[in-house]
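In structure tokens below, several structures.
In what follows, chain A forms one complex with chain B and a second complex with chain C.
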Partner chain A sequence: MSALATNARVVRALGMRSVRQTFRRPQLIAPIIIFPTLLLAIQTGGASGAVELPGFPPVQSFLQFMLAGAMMQSLMLAGNSGGIALAVDIEMGFTDRLFSAPIPRFAIVLGRLAGTAALGLFASLWFLAIGLIFGAEIESGVAGALMAIFLVTAAALAVGGVGAAIALRTGSASVVQGLFPLVLVVLFLSSAFFPQELMIEPAKTIAQYNPLSFIVEGIRGPMISGFDASETLDALLAILGIVVLGLFLSDRALRHRLRVG
Partner chain B sequence: MPAIVVEGLERAFDKVLAVQGIDISVEEGEIFGFLGPNGAGKTTTVRMLTTLLLPTGGRASVAGHDVVKEARAVRSSIGVALQEAALDPLMTGRELIRLQATLQGIPTAEGRRRADSLLERVDLSAAADRRVGGYSGGMKRRLDLAAALVHEPRVLFLDEPTTGLDPVSRKTIWEEVRELNEGGTTVFLTTQYLEEADQLADNVGIIDSGKIVAEGTPESLKAEFGNPHIQLQLAQGSVAEAESILAPIGKLLPPKDGSKVLVEVENGAADIPRVVRALDEAGIAVEALELVKPTLDDVFVEKTGYHLEEESEENAEKAPVEA
Partner chain C sequence: MEAAVAVPAWRANLATIGALMARAKNELVRVPGAAIPGVLAPTIFFLGLNGVFGALTQLNGFSTGSYESFIVPISMLQGAGFTGAAAGVNLARDIEQGWLDRLLVSPAPRWVLLSGTVLAASARSLIPATFVLAIALALGAGWPGVDGFLITYFMVASMAAVAACWGSFLALRFKSQSAAPLMQAGMMALILTTTAYAPLALLAGWLQKIARVNPVTQVVEAARQGFVGSVTWAETWPGLVALAGLLAVLGSLALREMRRTAL
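== the complex of A and B ==
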């Protein structure tokens, strides 16, 4: 077996462990699925009249608009949960088991990110299923759904990289967990739950430059209207930027951890 | 060829020197017992030898590979069971060993076969599909050991493998370690239990404040400390006379109380009849007699000033030395 195939097998095994770990620990799966589902239910139940506001983009239903936001929330919290799980591994010494194995040490980070990406994939399927069951239409059809799945999966991996970097640098689950409110603040300062056009300053300007807005619009566009190449490109660039940042910070944090022990 | 060679190995944490230029040599197929009080530098040394921590000075090789320059080759040759068994409580025992097999590059089918065989070997087959979080301390240690063996390593590092275990679980681990060693595996064993080192180790190194303060076979270290002595409990008033009779037989040691005589003898148990006969001929009645052999604890106290097991029970921390 080639080195690449062996490493891919290691990443897959660690990714599968990461997914199992999430599903077996309620405090990790709850923020990814249950919390965003409840918020989606509350928002669509209580604020569906928002679609009548002047300036609200034309949508088939408020649920159709909100699906992208729920996916975004879920993937952000998947990244945070991935960071918490990695920090728990560090605290209990499980990473020593991984570090003492003859594998490239960055495979440990990639395994964790593979698991986070898999959770992003699961979240996208979950919310698409909820949307379809409750009558939301995907304007771009199957292609739009596939684009949403791809962007949510890739964005989960990207955000997971930042979570992994913080976990590796601090080695503390409580520190990573402490970022949970910050994740929500950043999310609410994007167009995840409300159209940018209807926001007031300074939230409007922040949302305009918030990379999460680019990602969420890339997911939402094909759902509520149709494909827009520039919107998709912006989303991909935002994800790529976060991926590069996350991997760079993770690599530095990993080297630091190995140096100081 | 030695399985482990350590030359002038150092590790500093900021201004604190945790390990101060130690030298160790462990032959292939040997069990090396590494003893020391808490904070002496045992775990730091093991972490450097297992490539989990970079040394800040000196060099070390394991299984013929440099721990810094050929770290990955070292990791392929070693099995590691670290202090406080690093197990994921949410995984099952079988999942953990299969994951370990994947990490070691063992093909899936072979990994499954080895996992089944190792679980049986450490008597965990029945619990293999239960989550590790529900295992007892002894089961966790046995699982940790099994995971460390999945790739049949040449050198096995066991960092305090029996700490906190009950005597029965401890003996099970000892038997497993002996069996592995008989199969040719070199074992580097850190422990706080002197009896464990005495029972298992071919050679022992004692580390204190980051420095090796004694090294040798348990027997040679004990012999260095002194010969065995016979402790005699005598009737009141006969101690002085007994001492004058026994002085030509062996060196008299300071007594612990007024009714006891301690006499160091060269030949151990073989000298007991001679001692008893001499006292009997003088009409001195012996109420009790005990042959006391030097223990590793005596050696440890001599070299470090601490009673190791008492110290470990108190979980005392010693301050490392400033660089």
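== the complex of A and C ==
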């Protein structure tokens, strides 16, 4: 068997393990699916009148607008949960056993990220299904839905890279878990839940430069209006930026972990 | 030989509750970091919701032009919910580590053991509430007046007791910290399916129906009244009745589980 095929098998096995682990532990699946779904329902019901505000983009319903935000929240928490699970593996010595196995180190991290990406894919399908069941239309049709699925999966992979880097650097599940509030801060300071133009300062200005705003607009655009090449390109560039950051940090963290043991 | 002086039962029970509350306080003093998530989460929600949904007050139907004032009681109650749920998680940890077994072999009645957990959560909920209120006042939320302030704090402490009963019930039922998401999600749903984000008339139809029957809506309105207007008995008593009902139901469930818990 070629080395590439062997590595692909390792990544697949570790990715499957990561997904199974998440679905078996309520404390891992709850933040990814239950909390964002609960918040989506409550925010959609509680702030539905927002669509009447002057300056609110034309949408079919507030739910249609909020779907992208819920996906974004879910993928961010999937990245955080992936980091926690990796840190637990480090604490319990499972990662050490993998390090001593004849498999490339990058495959170990990539396996975890494959699991996080799979959870991102699941989250995008989950929220699309919820949206369609409760009457939200996807303006760009199937192509818009596919674009949302692709961007959410790719963004989950990117964010998971940062989570994995922090887990590798600290080796502590509680430290990675402690980043949970930070995830919420970064989300609130983006246009995930409300149009940027209607947000209050300083959140409005910060959201303008927050890379998550670019990603969420890339997901939302095809859902509420139609494809916009520059919006999609901005989203892809933002994801690429986070991927590069995650790779850089993971590489450094992995080297550090192998050096100090 | 000197005969032992019998301590009245009520005094022994009070001493036990005091000791359990002191244990909870020690946890906080010795591991200050443990309190940070409980304080941070409602603060982030307050700042985030205010930054994101602040423009909602432009809609007709809001009794105040300040969303900080409208949302701060929700964040304080959310802090109480998180603190109460954390008490449940701590109890589940005590069960997993065998600490509760040691308490159960003591002569303390089960209701005393439960009261220690619940009252400690009530007292602890005042920390995030005070932190969030201080930030809200700094950002321009209106001062609710002394009566409004006292009512809000009473509602917050009582809501933490409700949440602690809920958390304890689940901890005793599942005997595992894995039940933590259920503890937190349950409280989050109970507090947010009210007039949390907007007045009743502005809620979506389905949420309006839930908010009307959700007893916590009365608690929210009672806690909020001082921030958005004046304090009245008509706005206060439904909140008190709702809290009494919630405490009676969830307290009974938690106590029943505590009594069922065998060694």
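Definition applied: the second predicted complex is superposed on the first by the 261 of 261 C-alpha atoms of A that agree within 3 Å, B and C clash if a C-alpha of one lies under 4 Å from a C-alpha of the other, contacts with A are read in each partner's own complex, and residues count from 1 in each chain.
Everything below uses one rule, namely that contacts are C-beta pairs under 8 Å (C-beta built on N, C-alpha and C of every residue); 3 or more make two chains touch, one makes a residue touch a chain.
Because the structure is a prediction, the values reported are computed rather than measured.
For the composite obtained by overlaying on chain A, chain B and chain C can both be accommodated side by side without a clash. Applying the stated contact rule after C-alpha superposition, one finds that A:Leu237 touches neither chain B nor chain C.
Of the two partner chains placed around the shared chain by superposition, neither chain B nor chain C is touched by A:Val51. In the overlay built on the shared chain, the residue A:Val175 is in contact with neither chain B nor chain C. Look at A:Leu258: by the touch rule set out above, it reaches chain B but stays clear of chain C. In the superposition on chain A, A:Ala8 contacts neither chain B nor chain C. Between chain B and chain C, more residues of chain A are touched by C.
In the superposition on chain A, A:Arg17 makes contact with chain B only, not with chain C. When the shared chain is aligned, chain B and chain C each come close enough to touch A:Arg25. Here chain B and chain C sit at a least CA-CA distance of 13 Å once the structures share a frame through chain A. On chain A, the surface touched by chain B in one complex and the surface touched by chain C in the other have residues 25 in common.
Chain B contributes residues 13, 44, 47, 50-54, 72-73, 75-76, 78, 80, 82-84, 86-88, 90-91, 95, 99-100, 102-105, 107, 131, 147 to its touches with chain A in the complex. Of all the residues in chain C, the ones that touch chain A in their complex are 36-37, 40-41, 44-45, 47-56, 58-59, 61, 177-182, 184-185, 188-189, 192-193, 196-198, 202-204, 206-207. Listed in rising order, the residues of chain A touching chain B in the complex are 1, 6, 9-10, 13-14, 17, 20-21, 24-25, 89, 92-94, 96-103, 258-261.
Within the complex formed with chain C, the residues of chain A that make contact are 25-27, 30-31, 34-35, 38-39, 42-50, 52-54, 178, 180-181, 184-185, 187-189, 193-194, 198-200, 202-204.
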